[in-house]
Amino acid sequence: MADALTAPVAATPARADGALRETAALVAVWGTAALIAGVFLWILGELVWNGVGALSWEYLTSAPREAGRAGGIAPILVSTLAILGVCLAATVPIAFGSAVFLAEYTSDAGRFGRVVRTSLDVLAGVPSIVFGLFGNAFFCRTLGLGFSILSGGLTLACMALPLVIRSTEEGLRAVPREYRMGAAALALSRTTTLFRLLLPAAVPGLTAGLVLGIGRALAETAALIFTSGYVDRMPSSLLDSGRALSIHVYDLSMNVAGGDRNAYASALVLVGLLLLVNGVAGALSALWRRRLAAP
Amino acid sequence: MPHPGRDRALLWTLRLFAVSSVAIVLLVVAFVSGESAPALAEVGPVRFFSDPSWHPASGFFNMVPMLAGTVLVSAGALLLAAPLGVLSAIFLQFYAPPALRSYWRNLIGLLAGIPSVVYGFWGLVSLVPLINRLHPPGQSLLAGILVLALMVLPTIALLSDAALESVPAHYLRSAAALGLSRWGTVSGVVLPAARGGILTGVALAAARAVGETMAVLMVCGNVVRMPEGLFDPVRTLTANIALEMAYAGSAHRSALFVSGLALLAIVALGAGFSEAARRKVVANG
Amino acid sequence: MTKPAQKPVLEFGTVKPGARPWAPLEERPKCCEPRPFVRTEGLSVFYGSRAAIREVSLSVNRGCITALVGPSGCGKTSFLCALNRMTDLIPGAKVYGRVELSGEDILDAGADVVALRRRVGMIFQKPNPFPLSVRRNLELPLREHGVRDRSAIEEKVERALRDVGLWEEVKDRLDAPAQALSGGQQQRLCIARALALDPEALLFDEPCSALDPLAAGVVEDRIASLRGRYSVVIVTHNLAQARRIADWVALFWMIDGAGRLVEYGSSKAVFEAATHPITAAYISGIRG
Amino acid sequence: MKRVFLAIGMLALGACRSKDPASGSSGPEAERKLVLTGSSTIAPLASEIAKRFEAKHPGVRVDIQTGGSARGISDALAGLADIGMASRELNPDEAANGLTAIPIAKDGIGLIVHRDNALLGLTRQQLVSVYTGQVTNWRQVGGKDARLTVVNKAEGRATLELFLHFTGLKSTDIQASVVIGDNAQGIKTVAGNPDAIGYVSIGTAEHDASLGTPIRLISVDGVAASLATVGDGTFPMSRALNLVVKGQPNGLARDFIEYSRSAEVHDLVKAEFFVPLGPTGT
C-alpha cells in the first residue's frame, strides 16, 4: 500500500520549514530503526557468540546429561513443540471465534462486547506467574491433568488468547465495509461471508497476533514451571510432564552452576525455532489466502 | 435455503467462544481472590497500605512501594517504547526500502519472541554493569525501564504496523494528490486513521509491561523501598510474587496472592482507561 | 405537497413549468405499462433520531427503469436500501411503514431476507468486487445459493458476463484477481454477479458516479439494456442520465430536515410537465 | 481452515509419540511412578539421581518438579508428592504435622565479592554491620575506598534463613541495595559490580570462579569457604539438603531415599557441587 510513498518525495522549495520537518522526520525514523536493529544485534550477537560453539546436530538429537551441562536437548525440543501444538490447537479456534464475534456481532458501545473486551485486556495483563499458579490449580489439580504437556499448553493458550483475539479483531475491523455490503446484497450467509471474504482479508492482523502469541508462548517460563513441569525425559504422551526450552534456559542460567554456555545454546535454538514457526505461519497464511482467492 | 440455520449455529458457536474467554478471566480472578482471601481476612486490607514495611515472615505487609515500583517501571517503559514502536512501524511502511521490509518484520517478530530470561540475562550481564558505572548499584528503576521498553517494543511495533497496513490506499493517494510530503501524509493522514489499532497495541504492551516478571526481577534490584530517583532499586509486584512464592508458607503465600490481586486491579483500571480513551479517540475520528 | 423548506425556490423560478430545456422524450415501449412490483407505503427511515426519509409512498413498476433523482442527502439511497433491507446492516437504522413485494410486507420480522435479496439485487456506487478471481466472484454467490453443478455454473457465469458485455474482455483471464480489472469493468462485473442469481429487480446506487465518462457510458448502456427483463431502480445525480434511460422518475427533496418524495411520474411527465415548482426548477438546472 | 489446524495438532501429537523410544522400554510390568516436588536447589541433583535409579529399576519412573522448598513440604504433607525436597530444616510446626526430613547432601553458604576486591575475609561482627547498614564503605572493614553494594536474598529463601540464623539478625534489620532470587543471579550481580558483596551456595561459586567468572569466595570468621570445610563441618554456614516424607518412608519412596543417601550417587552429588554425606550418613 505504501508504494505511492516509498518513492522519494520532492521537497517543496517554497516551504523551508516543511523541508526541515521532513528531514527531521527522516532522521528520527531511520535513527529509531538503527537503534532497534543495533540493540537487537547486540543481544543476538551475545547469544550467538556465547552459544554457537555448543550447537551441533548431536546437541539437538541427544538427551541432556549432568542437569543439562552436558548432552543435548532432544526431549526438551519435543516437549516444547508438543506444548506449542496444544497451545495453538486451543488458541486458534477460540481466538478466531471470539474475534469474529467481537468484530462482526458486537458494536463498540454494546455491553456484551465491552465486557468481553475489558475481560481480555485484564487477561492480557495477568502476570505469567499468576497464570502458572492458576494453571496448576485448575488444569493440573481440578481437571486432574497433572503436570503435563496438556496442562502447560492450555495454560499458555489462556495467556496467548488476548493477544491473538485483539489483533485478529483489529484485522477484521479493517476489512472494507463494501465487502460486507456486497455480500449482503448477494444474500450470502454470514458464514460464507466470514469464511470466504472476511477471514482471508483479516489474515495480516491474524498473523501478527499469532506471531506475538507464539512468541509469548515459546518464551514463557513462569507459567510453565508450575504446569508442564521440569522433567527432562522424552514425553510419551501429552499427559506426560515435559520441560520446555525456556525453562531449560532459565534453569541452566539461574540454577545450574556452569550451565551458562548451554543456556546460550538453548536460547539460540529457541530463537531459531521461533524464526521457523514465524516463517511457517507466514507461509501458511499466504497459502491460505491464495487458495481461497483461486477457484 | 439452509442459511439462517447455519448462521444461527455460527452465531452460537462464536458466542460460546467469546463466553469461554470471559470464563477464563473469571476463573483466574476467582482463583486469585480465593487464594488471597485468608490474608485479606486475617491481616485486613488496610495493613497492606499502612504497615511499616514488607516483611511477611515477620508480619509486615506494606505493598505501597511495590505498587509504585510496578507503575513507575511500566509507565517509564511505555513512554519510551510507544514512540519507538510507532516509529518502527512507520519506518517499515513508509521509509524502509522494499527489500528490507520482510527482514525488518521478521526481526521485530524475533524480538517479540526472545524469552524474557534472555532479556533479563542480557540486562543483568551487559546493561546493569554499565549503569553501575554511572551510579551504583546498577540494578535500578532505570535498568528495569530500559529492559522492559525493549521487551514491549515489538508488541507496539507489530500491532502498529498492522494498523498502518490497513489504512485504505485511497487515503494515501488523496494525500499524495494534495501534494502532502511523506511525513505530512504520515502525521496528518495515516496516524490519525490508524490510531485505534495503535492504541490497542499500546494497551496490550502496557498489560505486558505490568505483567512481566522474570526480566524485571533480574535487573530491578528488588529492594522494597520507595525509589527516589532513576538509579534507585525497586521491586515490582510480579517480581515479588516470583521471588517469594516458591518459598512462602501459608500466610505469606496468601499475602503474595494479594499482590496478584493488586496487579489485576491495576490492569483492570488500565484496561478501563484505555478502552475509554480508545472509544473517545475513535469517536473523534 | 407540503410547503417547501427552501424558501427561495420560487424566486428562482424563472423557468415556467412545462418549459423544454431538452429535446422531447420519446414514448417508452409497451413493457412499461404500470404494473407495480414494489410498493412502499408511508416508508420512513431513521438514523437514530434523525429521519433520512419520511412518509414515502411509491410504486416501482415491473420491467421498467425507475430513476430516483434529487440533491445529495435527500434520502434516495436510504430509500433504495430499504427496498432490500440493506438498512439492516446500518447500525442504528430503523425503518417504519410498509414495503410490499408481490403483496408481501418485506419489513415484517418473519420475512425471508435471504430470499428477498436474491430477488432484489443491489449494485453500489463504488465497484466492490471481492478480493477473489473474476470467476470466483460469480461462482461464490451461485454456489451459496445451491448451484453446484459445474457446467451449470460455467454456463451462468458466461451468460451473466455476456449480459454486461464483459465476456469478450475477460474470458481469457477469468482466474485473474477481479481487482486488477478497470473501474468500469469492475462495476460491470458487480452487475454480472447480481444477474447471475436471476433476480427480478436490481437496485443501483449511483452506479456510474465513481467511473470515468467513457466507462460510465458503457455501464449506463448495460443498465438500459436490462429494461423489460428486470425491474430496475437507479439512484442518480445525473439528470441527463435519468432522462436517457429512465421510464419513471421520482424526485426526492429535503423538506423540514427529512427526505420527501416531491414528484413521481413517467419520465416524460416529470421532465416535460412537472407539476411541482421544485421539480420544475430542479429539472431546468437552476437548482440542485 | 479447520483441517489445517487439525493437521498441526495431529502432527504435534504424532511427533511426540513416534519419536519416543522410551515408551517401548517401560516394560510389561505396571509402571510405577514416584513424584518429587520442591526446592530448585535440589532439583537438578534429584533429576540426575532419578535417571540412575530408573536405569536400575526398569518400569519405575521418577518425575521431578520444582517450585521451592515450601512447596515441597506442603506437597509432601498434602500427599500431592511422594517425596518433598527442602533445602532447609523443617520448622517445629511442620515436624509436628508428622513430616520427616532425611538429608541426602550438604551445602554451604559462602560470602562472595568481585575478584578485583582485595578483601580476604569478614568476621561475623563485621558481617552484621555490613548487612545492617552501619558500614557503607569498604574502607570501614579494611578494603578500598568505595561504596558497598549489599546483595541480599529474597524473603522466605532457605539461604536467607541460614544467613539470618548465623548472624543472629532479623529479616527486618537488613539494609540491602539489591535483592536477588537464585544463586546464579547473585553470582552475576557480584560479577558485574566491583563493590558488591553477597552470599551464595559455595559449590556453585567455586565452580563458576574456576570457569573464570570474576568472583571470589572470602573467609568467614577466619574459616575459608570451600567444599572441604563444609565437608568437615568447620565452616559455620552450612545446611542439609533434605528429602521430606510424611510419616516414615516405605516402598518405592524408601528405596529411592536410601539410594540417594548411598555412596553410589556420591559422584552425582559432587558433580552438582554439593558435599556428599559422610559414611555415617550425616
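General remarks:
Read from first to last, the chains carry the letters A, B, C and D; within each, the first residue is number 1.
One rule holds in what follows: a residue touches a chain if its C-beta (ideal position, glycine included) is under 8 Å from a C-beta of that chain, and two chains touch if they have at least 3 such contacts.
Values in this document were obtained by computation on a predicted structure and should not be read as measured data.
Of all chains, the one whose CA centroid is most distant from that of subunit C is D. Relative to the centroid of all protein Cα atoms, the closest per-chain Cα centroid is that of A. The chain pair sharing the most C-beta contacts is A-B. For the pair subunit A and subunit C, the distance between mean C-alpha positions equals 48 Å.
Taking the mean of the C-alpha atoms as each chain's centre, subunit B and subunit C sit 51 Å apart.
The distance from the centre of subunit A to the centre of subunit B, each centre being the mean of the chain's C-alpha atoms, comes to 15 Å.
Subunit A and subunit D have CA centres that are 33 Å apart.
Multi-chain contact residues of subunit C (touching two or more other chains) are listed as 114-115, 144-145. Taken residue by residue, subunit A touches two or more other chains at 93, 176, 187, 189, 253-254, whereas all remaining positions touch fewer. Within subunit B, residues 3-4, 125, 242, 245 each touch two or more of the remaining chains. Those residues of subunit B lying in contact with subunit D across their complex are 53-58, 60, 124-125, 128-129, 132, 136-139, 217-218, 221-224, 233, 235, 242-250, 252-253.
Of all residues in subunit B, those touching subunit A in their complex are 3-4, 6-7, 10-11, 13-18, 20-22, 24-29, 31-32, 35, 84, 87-88, 90-91, 93-98, 104, 106-119, 121-122, 125-126, 150, 153-155, 157-159, 161-163, 165-169, 172-173, 176, 179, 181-187, 196-197, 200, 203-204, 206-208, 210-214, 237-238, 241-242, 245, 260, 263-264, 266-268, 270-272, 274-275, 279, 282. Listed in rising order, the residues of subunit D touching subunit A in the complex are 1-2, 4-5, 8-9, 11-13, 15-17, 19-23, 26, 40-41, 43-45, 47-48, 61, 63-67, 80, 181-185, 201, 203-204, 207-208, 211, 271-273.
By the touch rule above, subunit A contacts subunit D in their complex via residues 66-68, 78-79, 81-82, 84-86, 88-89, 92-93, 141, 147, 149, 195, 199, 225-226, 229-238, 241, 251, 253-259, 284, 288.
Here subunit A touches subunit C in the complex through residues 107, 176, 178-189, 192, 196-197, 200-201, 292-295, going by the rule given at the top.
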